[in-house]
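Consider the two complexes below, in which chain A is the common component and chain B and chain C are the respective partners.
Moving on to the complex of A and B:
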């Protein structure tokens, strides 16, 4: 578990530094739509770019302005401060408009701050629809990304290597789904904070190392004594979050345990295995675009609501905490719809607006969580 | 019969209430000190003195407010949202919608017949719509905060404060003062700006039934009357106790429930 916490709470964590010491490349990416398998197949460590450990916003604010989501601003801030100097490459995606702008803001900041722009800096486009033309476009985007990685890093990403990578990632997905099953049982043996730490760690650790550690951890969870009875079972959803502190804050005082979440860094699509035979590029596209139901995708609200309902039923959720980072239009708007529809089904909901980053609003958020727990007690 | 207490350590004021048989036998309010424990001690000492009781007479005490987790003498802490709901129900049994404007934030909540909160929203943006907003503006106008409430009735042409941000609104107020605008018109504009922020929040919870305001701003007649116009509904008044004490009253009532075994089971 210590490895997971180290990986989840530090930008320059041990697995990444060790990988670099071995002279191997690391590429950061911003969104769950990027098939990490491509980099794994090229023996490059793919890591999700994160904004934790930010202690100011002077650089982020300069290039972005103040009225925009603080998550990509924190990434830019860290880049400007040289915290990502270990990166050999970065892939930016239009997860949302604020994230898309990271491409131009980072490039511009790179003109002013020497050495902060990785030598490989790539914009990976992602359609908003899964209709046939959208899927064809995404397949082409994946092929372009593969070509680009091959050229820049002088590697060869064959179909066989991709299939091997898919198998490695499927193994991790399968194990994370096992954790999801364990946390949703009536008798809870693992805290939401620990599960989230493991899930976030999965986005920055070498896959083989992560899978081996996860396997051992699952065995230890099974030996755990059940958590205290009577805790409220909560679900955490909303804007992008890789902040272990946030889950910890919800679970503080032992009045609640997070038994499910639907967060960009969390376990969402782990029950979906990518076909290991056939055309690997097509299979990656079908999974990463076709199976995604995050609010950036058009016309998928009912699917997303159904996804939440299934998780709520499966994990026996007592209440849902919906957080959105300020100026996050996607989740801010959708949380209001979720609240309307879930409350109508008798599922209590709490909406919180907050800033991303070191928990600067702990008192305010804790008050709302406390009041919510009192409401559903 | 048991004596119970509630202590509400807020960002601007701290309140303590001692109750017996669901009646207030002592209460006290002070301006909050830098350390929550000091505020709680002083407020409770005043309430106990008014009740003619000592600390050992209190059988159960719940703390609330922003300093709730730092009060050593309470048995447990509860959110002020739950406490204000409970307190509002005691102040006005028919109430279904509660607006609590505290020093640091503003909440709108709906409660059931037992004073339990069924839905709530709290301001997430900034200090506008809070007691702090009024305090800052009263300081700029160099008037007593209570006097500001009366300005709405006296104003001839209230000014408009367009800025949501307290700091920008303060700059606007200074501009109006320097331009020679009557203080009443500026004060009325401040009350209206405050009421507009609060009205948005209240409408978002879809108010039903009788509405009651709690917290210090409930005593600002200018904000209350403007809010009534904006909501298109009357806000009920209560003479049973000071609405600013609602959080402490609610905490004392929850203490009573705990003592009688009717309260929340500790999880």
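Moving on to the complex of A and C:
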């Protein structure tokens, strides 16, 4: 578990530094639509870019305008401070307007701060629809990304290597699903904070190492004694979050335990295994675009509500905490709809708007969580 | 929402008022003056339009007709489609559907009502849109959420991939009001074969959706008629744009809003053609005598708006230009990317053509035209990439011989607020003094018009422009 916490709470964590010491490349990416398998197949460590450990926003605010979500600003801040100097490459995606503009902001900051822009800097266009022409576009984007990685890093990404990478990632997904099943049981043996740390770690650790550690951890969970009785079972949903502190805050006084999430960094695609046979690029496209439950895929609210309901039922959730980072309209608006529909089904909901970052609003958020817990007690 | 706001159907309220306003000038000048005494709250805005002569009056008639269409659509058995400013309504007219452009409705309310669209915007938040969402949709949508408008039948937009807040507002509305929804999605590039094909495939899917909603197949003869009208309009716009490059420009500031408001409401309709003919004729008369379109008759400065205008009460923004001898050289909304326009020559792949020779060519024409409307054209990809915001702005600023540039938007414009500082830095490097307005184009509570005006004046003074 220590490895997971180290990986989840530090930008420059041990697995990354060890990988670099071995002279191997690391590529960061901004969004869950990037198939990490491509980099794994090229023996490059793919890591999700994160905004933790920021201690100011002077660089983020210089390039971004004022009405922008603090998550990409924090990434830019870290980049500007040299915290990502281990990166050999970065892939930016149009996950949302603020995130896609990280492309321009980082490039322009790179003109002012020497050495902060990785030599490989790639814009990966992800469509907003899964109709045949959307899927076709995405397949081509994946192929273009593969070509570009091959050229820049002088590697060869064959179908066979991709299939091996898919198998490796599937194994991790399967194990994370086991963790999800364990935390859904009536007798809870693992805290939401620990689970979230593991899932966040999965986005920054070498896959083989992560899977091996996860397997051991699952065995240890099974030996755990059940957590305290009477805790409320909560679900955490909404804007992007990789902040372990946030889950910890919910669980802090032992009145509640987070038994499920629907967060970009959390466990949500684990039940989807990518087909290991057939065309690997097509399989990756159908998984990463076709199975997405992100609100940027407009017009699919009912599917997302259904996904949430399934998780709520499966994990026996007593209440749902919906958070959105200020200026994140996608989750802000969808949380309102979720609240309307879930409350109508008798599922209590709490909506919170907040800033991303090192829990600058701890007191206010805790107060609201406590009030919510009182309401559902 | 205050209870009294719920007493009136919003569409009826606006429709009745615009109907009356469009007839004020029917009387003698003395009768018109007398009428103003009876409408003190609307006097300034009425004077702004009526004072602009036959073009201003034609704009009022256009808006009157727009609301009449909305209010009578269902009686006439037509479907109503809610849509957005960067989506061409010509396809709706080809399919006998009545369009509603939400941003235009919000802008109109702001210009006309003393309290702007504040109550409706706030109701949008009550319904669930974040307060940080774009005010341009939130205003009119608030009235729809409150059930104060003619019900819409379905929703069409084209902003996924370009503007999250826009696309999200329409997606939210579809769920909130339980209406069918289709959104075109634009790639991050423009002009290459791959994105051109994507535009067409997506547009075909859209037409299938609209056929399903209306129960009618697309009539290609009718589409051809609409596109031929677009062809006439494009030719007129090309003439107008050409004259607009002259010093002094023969166009008045209000002509710029007429150019795009007409396009957003009646593209492919004879009403818009008539308006364009009026603008072209009046401009030609001024060109002959070398006269400026400004009321002061003296052009001191030429300003190009790199994004949108400011839709504050009584047309104060446009009036300010007129009263200060500042020529409004248009903005992202008013300019046009047909292949017969000079500034598109420098931007390969950015323009569209119209070909009505076959169903396939018509599909291609309308899909590519739609993809070249404001915002979806050049805010889609990184601002400094080919054909995107920077290149477009520099080409337009050069073509229209702008002295300085101004950015105006809404705090909800995440797609531009995320990179506008970079954009301005680059524009300054190219030698253009550039000002960022910090207001909300649709919500004067964010910054009052008086404060906005003072900041504008400060910019012109500090940079030695006026």
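Keep in mind that, in the parts below, the second predicted complex is superposed on the first by the 377 of 377 C-alpha atoms of A that agree within 3 Å, B and C clash if a C-alpha of one lies under 4 Å from a C-alpha of the other, contacts with A are read in each partner's own complex, and residues count from 1 in each chain.
Just so it is clear, contacts are C-beta pairs under 8 Å (C-beta built on N, C-alpha and C of every residue); 3 or more make two chains touch, one makes a residue touch a chain.
Given the structure is predicted, the values throughout are model-derived calculations rather than measurements.
Once the two complexes are overlaid on the shared chain, A:291 sits clear of chain B and of chain C alike. In the superposition on chain A, A:125 makes contact with chain C only, not with chain B. For chain A, the partner with contacts to more residues, out of chain B and chain C, is C. Of the two partner chains placed by the overlay, only chain C lies in contact with A:94; chain B stays clear of it. Of the two partner chains, chain C is the only one that A:332 touches; chain B does not reach it.
By the touch criterion stated above, A:65 is placed in contact with chain C alone, chain B being left untouched. Contacts of A:140 after superposition: chain C is touched, whereas chain B is not reached. Touched by chain B in one complex and by chain C in the other are residues 353 of chain A. Those residues of chain A whose C-beta lies close enough to touch chain C in the complex are 62-69, 94, 96-98, 100-101, 103-105, 107-108, 123, 125, 127-129, 131-134, 137, 140, 295-296, 298-299, 301-302, 324, 326-330, 332-334, 336-337, 339-340, 353. In the complex of the two chains, the chain C residues touching chain A come out as 127-130, 132-133, 160-161, 163-165, 167-172, 174-176, 181-183, 185, 187-189, 194, 198, 201-202, 205, 381-384, 411-422, 425. Every residue of chain B that touches chain A in the complex is listed here, in rising order: 66, 77-82, 105, 116-122, 124-125, 264-265, 267. Contact residues of chain A toward chain B in the complex are 228-232, 254-255, 343, 351-354, 363-364, 367-368, 370-371, 374-375, 377.
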